[in-house]
Amino acid sequence: MSSNTSNEQVTDESVNETDGTSDGAIIETDISVDRGSSHTTGHTETIVRAEGLDVYYGDDQALDNVTIEIPEHRVTAMIGPSGCGKSTFLRSINRMNDRIPAARVDGGLHFRGKNVYDDDVDPVALRRTIGQVFQSPNPFPKSIYDNVAYGLRVQGKADGMDLDAAVERALRGAALWDEVKDQLNESGLDLSGGQQQRLCIARAIATDPEVILMDEPTSALDPVAASKIEDLINELVDEYTVIIVTHNMQQAARISDKTAVFLTGGELVEFDDTATIFEDPDDDRVENYITGKFG
Amino acid sequence: MSTKRETDFLADVDLGREKLLNRLFYGTLVVASLFGLAMLVLLLTDVLWEASQALTNFDIDIGNFLTATSSSRAEQAGFGASIIASVWLMVLTAVLAFFIAVGCAIYLVEYAPENRVTRLIEANLANLAGVPSIVYGLLVLALIVNDAGLGSVILAGAIALALLIVPIIIVASIESIRAVPSSVRDGSYAMGATKWQTIRQVVLPQAMPGILTGTILALARAVGETAPLIMVGTMLHATRYPDGPFASFSAMPTQIYNWTYQADRMFNGLAAVGIVVLLLFLVAMYALAGYLRKRYETDGSSISNV
Amino acid sequence: MSTETQSGSGISGDDSLEAAHEKNRRVRRVLFGCAAVTVVTTVAIFLVLFDNAASYFFGARISEVLFDGDSIARTVTFTEFFTGTRWAPDHATPAHGVLPIVWGTLAITIGAGLVSIPIGTATALYLSEYASSDTRNRLKPILEILAGIPTIVYGYFAVSFLTPVLVDGIATFLVNPAGRGLDSVSHHAPGLLEPLASGMMGASVGRYSMLAGILVVGTMTIPMVSSISEDAMQAVPDDLRNGAYALGATKYQVSTRIVLPAAVSGIFASYILALSRAIGETMAVTMAAGFNANLTVNPFDEIMTMTAYLVSMARGTSAVGTVQYQSLFAVGLLLFLMTLTMNLLNDRLKQRFQEEYR
């Protein structure tokens, strides 16, 4: 693991994390943006850009006219109360919303300048470029090795490559290698919850995607396991772009460079540098939400 | 009004009568529940008694019984050729039914759009499961045995049995495939897997124990089926070992049927012993299915432990 | 914004992906083919039964008329088929009235329903409302064994035990103290009970009887009623029961006034299923009730069901073209249509039950 000191520090903070709606006073004093984790050095390119994005589930509108530019090689956090549309936004990036029959999308969502909802975009190809880690760990009922190799195999990249090396690389990248290197042929389901989630991250990075979407990846984990994932996210942005949905404002403050605040009704209220959002937000509703007076 | 009710509150309640009624009802239910149990015990006792009587009275050599072919002479008749015929039937039936049934189940769960054709297929499935087995025998008799000229061979019998159990396997498979959590499917799709890759590599391996359990139970139903085989046309006595799918045959149940109707009492005894063999086959298949189900359940609990 | 020109970085798919998609589409077509087989089976049953049954009534199969130009000759009229009271298509003086074997099937079905419906429902109520979960977990699988035993075994049970011991015993018991009693009974309703009385006076039951058929088919359909009814009762929300118990209801009242009415369509569906199964039941009923196409209500008489007729006429390849062979399909078609009606009814009831508890 990277460094024990930062690990402990995060763990201490985690003791206070319950959910986003705890007592405002505590949150106000607790939230401090961890500048050490920021990667804001100079200009980076936009990798995902939404423009007037509306998403409906049947008659319900889940996203309302969302416009946002998400930078490459940064951690961008999506926060907001339950049902605000932050997960919907995440799922519309890799078109997992297509799997919901009643879902309908208007407006544009561009990945590297290409609208992913254009007719000629293949969602399968899109998902091979944009990985996802889910709320609760969902390893396949296969061995650890086969879980990591799964993406390479389905994407046809496994032939003629050193699969063992690729699996090791991905597991190291997910900070799991040392824990599982002797049990690669055992079922992924035998791991602990935190290990399973890191296995899912290893599975996602094994195919070398450009963006990794994370939908509340630590909400099903205990604080120690969660802090390991947070450390991992900080390392991942060197190679990938991470977009993370979280209920936990301290987590957003700790690990993200940019923060987007969604509020009820699927409206993106404010999007800025994380420090600005938590210390000096423009919108009163955001300030109220951050300080626990709303949501 | 309300005051009257209050004063009569306890006086009106005849709990004794209610309790008596309740107890009588309970007694009736228990007696009724025991009827099925009693019939089961009677049936098994009867079969075992007749079989043991036959073994002692007619001095049946079990080794010879299990290996010899049947014969018009009771002293020489054995069950071996019928056992082999039943095994042939089971294997062919399994091969014919399994892929079609599982394919249909996958289509209905994973691919089928919500439209008229799908509803037709589903409604038809419910109907097929209720078609009497003898009708499948008639269908194969006309279409396969006579029109196609295949004759009364094992393959024809297997086709009839396969048609019979396809709906059963489909229902079991649909259940198992639906039971695979959608989070696992999502995980695969998010990796950029196509639908078929997801099904083949993630959904089917997890659903397979349930599918196999359902298949074995369906085969247990098939191996005891008599009527479709009689319609297809089996031999009176299985006097030859079947040498393949195109051999004429008499399977275990049809041989038992024919022995039951022979005038020679020894044949009737052979039928009882044959039934015991048939039931042992079924016990073995149920045990296998139970074992698979148990292993499957352990897998399931390890998922929920996480 | 400057990056917008990179355009997509390969998310539009390429050749290797196209191959995966093509495979997916091919698999989809194959799987649809598998599903289509089930529909084709139903269509084939319809066509083959109609096609062959036509030769019974018109002397030629529909396909022979269409493709070979065979001529039609009226052999059996529908009037005779549906109203005649003697069934002997293979007799030297043939008779083609299907009523006796339809009656045979109905008699067994009704009688079996009189056994399995009350006993099955009572068992379901016991399992669902009275039994401890321990008892239920033990008793339910045991009862389901009844449904798993091959019908040929039930047939053997009827031949070796039910008929010679039980049915014969009942007949003897009824006759012995009966002399006077039966006289007085038959005096009131001679038309209906005379054959019954005379049958019992004969005292010795033959190798087959309607009663033995009713008993085996009734027994083997108990688990269908009890299992499916119990599922329906278990689906009744506990809130309803608690509401009734809170009002001071006894278990008997809750069972009969809350659970039974709430689960009624599911319970009826189980009845239909059991009756449908009884109609199509073949081996047990053949071996218990016999091969004599009697129009009788005497439970100690031998009768013939439609399925028993099919079994008695099965000759494989040797009989093609004979009237016996053709009659198989006329009877088979009638049998299929009867069970089809029951299945559709069952489907309707099941749907209604699911709607009630959505």
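The chains carry the letters A, B and C, assigned in the order they are written, with residues numbered from 1 in each.
As a working rule, a contact is a pair of C-beta atoms (placed from the backbone, for glycine too) under 8 Å apart; a residue touches a chain by one contact, two chains touch by 3 or more.
Treat the numbers as computed from the prediction; the structure is a model and nothing was measured.
Peer 1: In terms of CA centres, which chain lies closest to the overall middle?
Peer 2: B
Peer 1: Look at the interfaces A-C and A-B and say which one is made up of more C-beta pairs in contact.
Peer 2: By number of C-beta pairs in contact, A-B is the larger.
Peer 1: So how far apart, in whole Å, are subunit B and subunit C when each is placed at the average of its C-alpha atoms?
Peer 2: 16
Peer 1: How many angstrom lie between the CA centroids of subunit A and subunit C, rounded to a whole number?
Peer 2: About 57 Å, centre to centre.
Peer 1: Between subunit A and subunit B, what distance separates the C-alpha centroids? Give it in angstrom.
Peer 2: 49
Peer 1: Do you know which subunit A residues sit against two or more other chains?
Peer 2: Only 124-126, 128-129, 154 qualify.
Peer 1: Give the residues of subunit C touching no fewer than two other chains, as numbers and ranges.
Peer 2: In subunit C, the residues touching two or more other chains are 20-21.
Peer 1: What positions in subunit B touch 2 or more of the other chains?
Peer 2: Within subunit B, residues 194, 197 contact more than one other chain.
Peer 1: Hey, which residues of subunit C end up touching subunit A in the complex?
Peer 2: Listed in rising order, the residues are 1-14, 16-17, 19-21.
Peer 1: How about subunit A: which of its residues touch subunit C in the complex?
Peer 2: 45-47, 72, 110-114, 116, 120-122, 124-126, 128-129, 154, 156, 210
Peer 1: Can you check the complex and tell me which residues of subunit B touch subunit A?
Peer 2: Residues 114, 181, 183-184, 186-194, 197, 201-202, 205-206, 299, 302-303, 306.
Peer 1: Using the touch rule from the top, collect the residues of subunit A that touch subunit B in their complex.
Peer 2: 94, 96, 99, 101, 124-129, 131-132, 134, 136-142, 150-151, 153-155, 187, 189-190, 193, 196, 200, 203-204, 207, 213
Peer 1: So in the complex, which bits of subunit B are touching subunit C?
Peer 2: Within the complex, subunit B contacts subunit C at residues 18-19, 21-22, 25-26, 28-30, 32-33, 35-37, 39-40, 42-43, 46-47, 50, 99-104, 106-108, 111-112, 120-121, 123-128, 130-139, 141-143, 145-146, 151-152, 163, 166-167, 170, 194-197, 220-221, 223-227, 230-234, 253, 256-257, 260, 268, 271-272, 275, 278-279, 282, 286.
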